[in-house]
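We call the chains A, B and C, going by the order they appear; numbering starts again at 1 in every chain.
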């Protein structure tokens, strides 16, 4: 063991050089030793920074397991990296992070392990129903939900007041009326921004009852003409046509941060996880933002949808699966939740959502509002039955190609783009061996 | 170092320029004036100066903004200083962020650059020397295939390279970045041209008559004579490996092996990808500045070497 | 410095005549083996990094990779599909126009700057020469981040200009993004080309200018009759390398979309980007390999066409 320790120290100091010298032609990517029989060194790929907060507690409880949390890129970058690692047959992590839409892509071709073998099914009751639905593919569980994105409306109360709007819109009709009032302030004032974010449009469709993707085994049915989809698409088309939406500022860009900061963006309908990053992006707007349920399609309804959220799964090629599941359960279901929630994670575990802390804690950035209670309500109202096709990662990138034309030139319509999107997905899906129609 | 020599030659002649200036007044202007030290032109200086400004402006912007805190960066005019001078804080934070992974990236980059540039320069020297001074079958074919390969776009290679390296099991190891960087077709060409001209065959023959083997002759006589071209090839390999993005992007997925360029963009993406990523534009900008400083120092301090090597390549090319 | 001085005296000799002499003197077979041994390290790695991947790409291009059902041999179907693929031709068309506009602008600027520096009529020649070259040392990743931040529409420099003048200029709309990329690429590579031209001009024997001055030639005539012809060969090389470079534009369109809104950059903005997205987002590696090979063929064809045209011009004059 002494030797082992020395090697570690050396590799920390000389990392690349040492491995270069010692590792001529070898295939492993990591400088770790093989580890003893019970000793497991877990590698976890995550771009969610809160996961690392759960590690000290876990390692204290499980001295034989060492956890290394690595940021292998966000979203697409990570999926590409994971695909590459699986192809290469080396460097595959023991746990990886997947947005809900990406899970089927890895689950269907057998790149992820069915967690049923670890008894994951028994955890179903502890999560919000729609979140469990997100990690279930063809009836099997492939991941545990780690963060959640119930759609909610973050609104700048001061800006709305300035426009003469004294309470946040409860329905989309009110939203439309308020949008005109906000726009009447002139300048860069808008009630929303949108440059063709598929997840926003899909969250509207989801809430309106549209279910454009129906997946069963390798068969995918795509239809953007059902009544729910049509209602949502026509509404947003009207918002765009009347110039009520800022189409110049993309979410997550520098410009977006500034419109949030200076109050010209009156609201942002997005996943609940925006709560923790908003204070960082709009520090000057402290005390002005509030959270509400997303507006409803009919007065008195309480139907929600998702926008984002992710889970962790165990790749089929992972090395220490039992240990991986142990950690997975720890930080998504058990004691590991506490430090993560404290660090800003928003999770779909009912134990957390219903806890006294989440329900009654005042959030100072949001002017003392009990944000947790609002988001817990939003989580529980998320409609179920939504599915993503197994090639959605490809599809959303393609959507970006199609939609940019419309948002920048105003030519065409959302409905046309969705139709074109369907054709592209159909061709791609069939080329990939699925049955798509 | 022909260039250096000729530049020194000119500065030697600069003394006579003053006499040229007075000669002009005495009515015999042209010959003495235009050739070595003509009258300075303000219009030409201004025009060239404008282009210089275009070249320097982004760098000035980078330096100014590396001194701003994140809130200052988000709220102040790009070319104006922030409220607080935060350069040192930013630098400290760059090296601390994510458990100090920036220094790991820096170290990786240095290893990739030093190993890659050294090996590629040595292989190019060895090959260029062989092409110029030794005989072997298939030389012509070899030469044309290598030269033709310069025109093959990197992407045409990168994807099959990746798939091939996957088969060999070396993706996600430093070898995946290093091995392609060992080959520098243009360096081989430059070495060939240089060896053909700067290494006298008689000298090599003399060494061999004295009993030195071919390889020893190369090491002791050939290689030292190739030094000027070697510095040039070394430096340009240095830059291309330091700046490489595409290859490590597809070959590496463990952040512990990332070079600076990949790491930097990952940091930038943290704040611009949907989710709870941290907003660290001040660190991205400071890290960018730290990334380019070593290259700029290398170029400025080795100016006379690479400029002469470049001129040789240019004249012969 | 010693050998360098000698280099000036050596009249250019063609390498093959050198080796012929050499061969006459020494035993053939062992010499050949030694030559091969010298070239072997480069050759073997070259095969691994260039030849094998290209062959592998050709092999792969005959298959279709499927998420369900594994790989399927489809003959030349990928190529047939490629030639009918509007996205592919969109990307090729874009880099074609980009090349047609950006390369001449950049090279004319580079030549003009080289001539200006070489005229010795500038104040601060040395400073400007180094400053104009500096961007070459900045990694494309860093330069894209910098320009992306700098040109930010609402709050970047363009935002300030728009506020001050009441205009609505936007450097990143579908119709202007390509121009902005042109500005970045020109920024990065003008200095490099300028230095090559400058090196060539430096190598022109000063006596030629003296003689021209004696003949009463003015500055303009010197440029036309002596300097521009001297630049011809290196200009052809610069054109070829610039074409190869612009055909491979990748980093800018890959990184920009995370920096700016509605830039109109699609996944098929450039052939390289399209191949990358096909291979790594769409897992269509066979199709991507076919695309890469076709792009390689197009690039080589264009490079040869330029070379042949360029050389014919040389013979004409």
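Details
We adopt the following convention: a residue touches a chain if its C-beta (ideal position, glycine included) is under 8 Å from a C-beta of that chain, and two chains touch if they have at least 3 such contacts.
None of these values were measured; they are calculated from a predicted model.
Using the mean of the Cα atoms as each chain's centre, the chain most removed from chain B is A. The two chains most heavily joined by C-beta contacts are B-C.
Averaged C-alpha coordinates give centres for chain A and chain C that are 40 Å from one another. Chain geometry summary: the mean Cα position of chain B and that of chain C are 15 Å apart.
Looking at chain A, residues 84, 252-254, 258 sit in touch with two or more other chains. Multi-chain contact residues of chain B (touching two or more other chains): 163, 250, 269, 272-273, 281.
Within chain C, the positions touching two or more other chains are listed as 149, 156, 258-259, 280. Residues 71, 74-75, 98, 104, 107-108, 111, 115, 162-163, 165-166, 168-175, 178, 250, 253-257, 266, 269-279, 281 of chain B touch chain A in their complex.
On the side of chain B, the complex with chain C involves touching residues 1-7, 30-31, 34-42, 44-45, 47-49, 51-52, 54-56, 58-59, 61-62, 65, 77-79, 123-124, 126-127, 129-137, 139, 142, 145-146, 148-157, 159-161, 163-164, 179-180, 182-183, 185, 188, 192, 196-198, 201, 205, 214-215, 218, 224-225, 227-228, 239, 242-243, 245-246, 250, 260-261, 264-265, 268-269, 272-273, 281, 284-285, 288, 291-292, 295-296, 298-300, 303, 307-308, 310-317.
Within the complex formed with chain B, the chain A residues making contact are 15-17, 19-20, 23, 25-30, 47-50, 70-75, 77, 81-82, 84-85, 87-91, 147, 199, 251-254, 257-258, 261, 273, 276-277, 280-281, 283-284, 308, 344-345. Residues of chain C that touch chain B in their complex: 1, 3-8, 10, 12-15, 18-19, 21-23, 25, 28, 31-36, 38-39, 41-43, 45-46, 48-54, 56-57, 60, 109, 113, 116-117, 119-124, 127-128, 130-143, 145-147, 149-150, 156-157, 160, 187, 190-191, 195-197, 199-200, 202-203, 206, 209-210, 213-214, 216, 219, 222, 233-234, 237, 240, 244, 247-248, 250-251, 255, 258-259, 271-272, 275-276, 279-280, 285, 288-289, 292-293, 295-296, 299-300, 303. Residues 64, 66-69, 87, 149, 152-156, 173-174, 258-262, 264-268, 277, 280-284 of chain C are the ones touching chain A in the complex.
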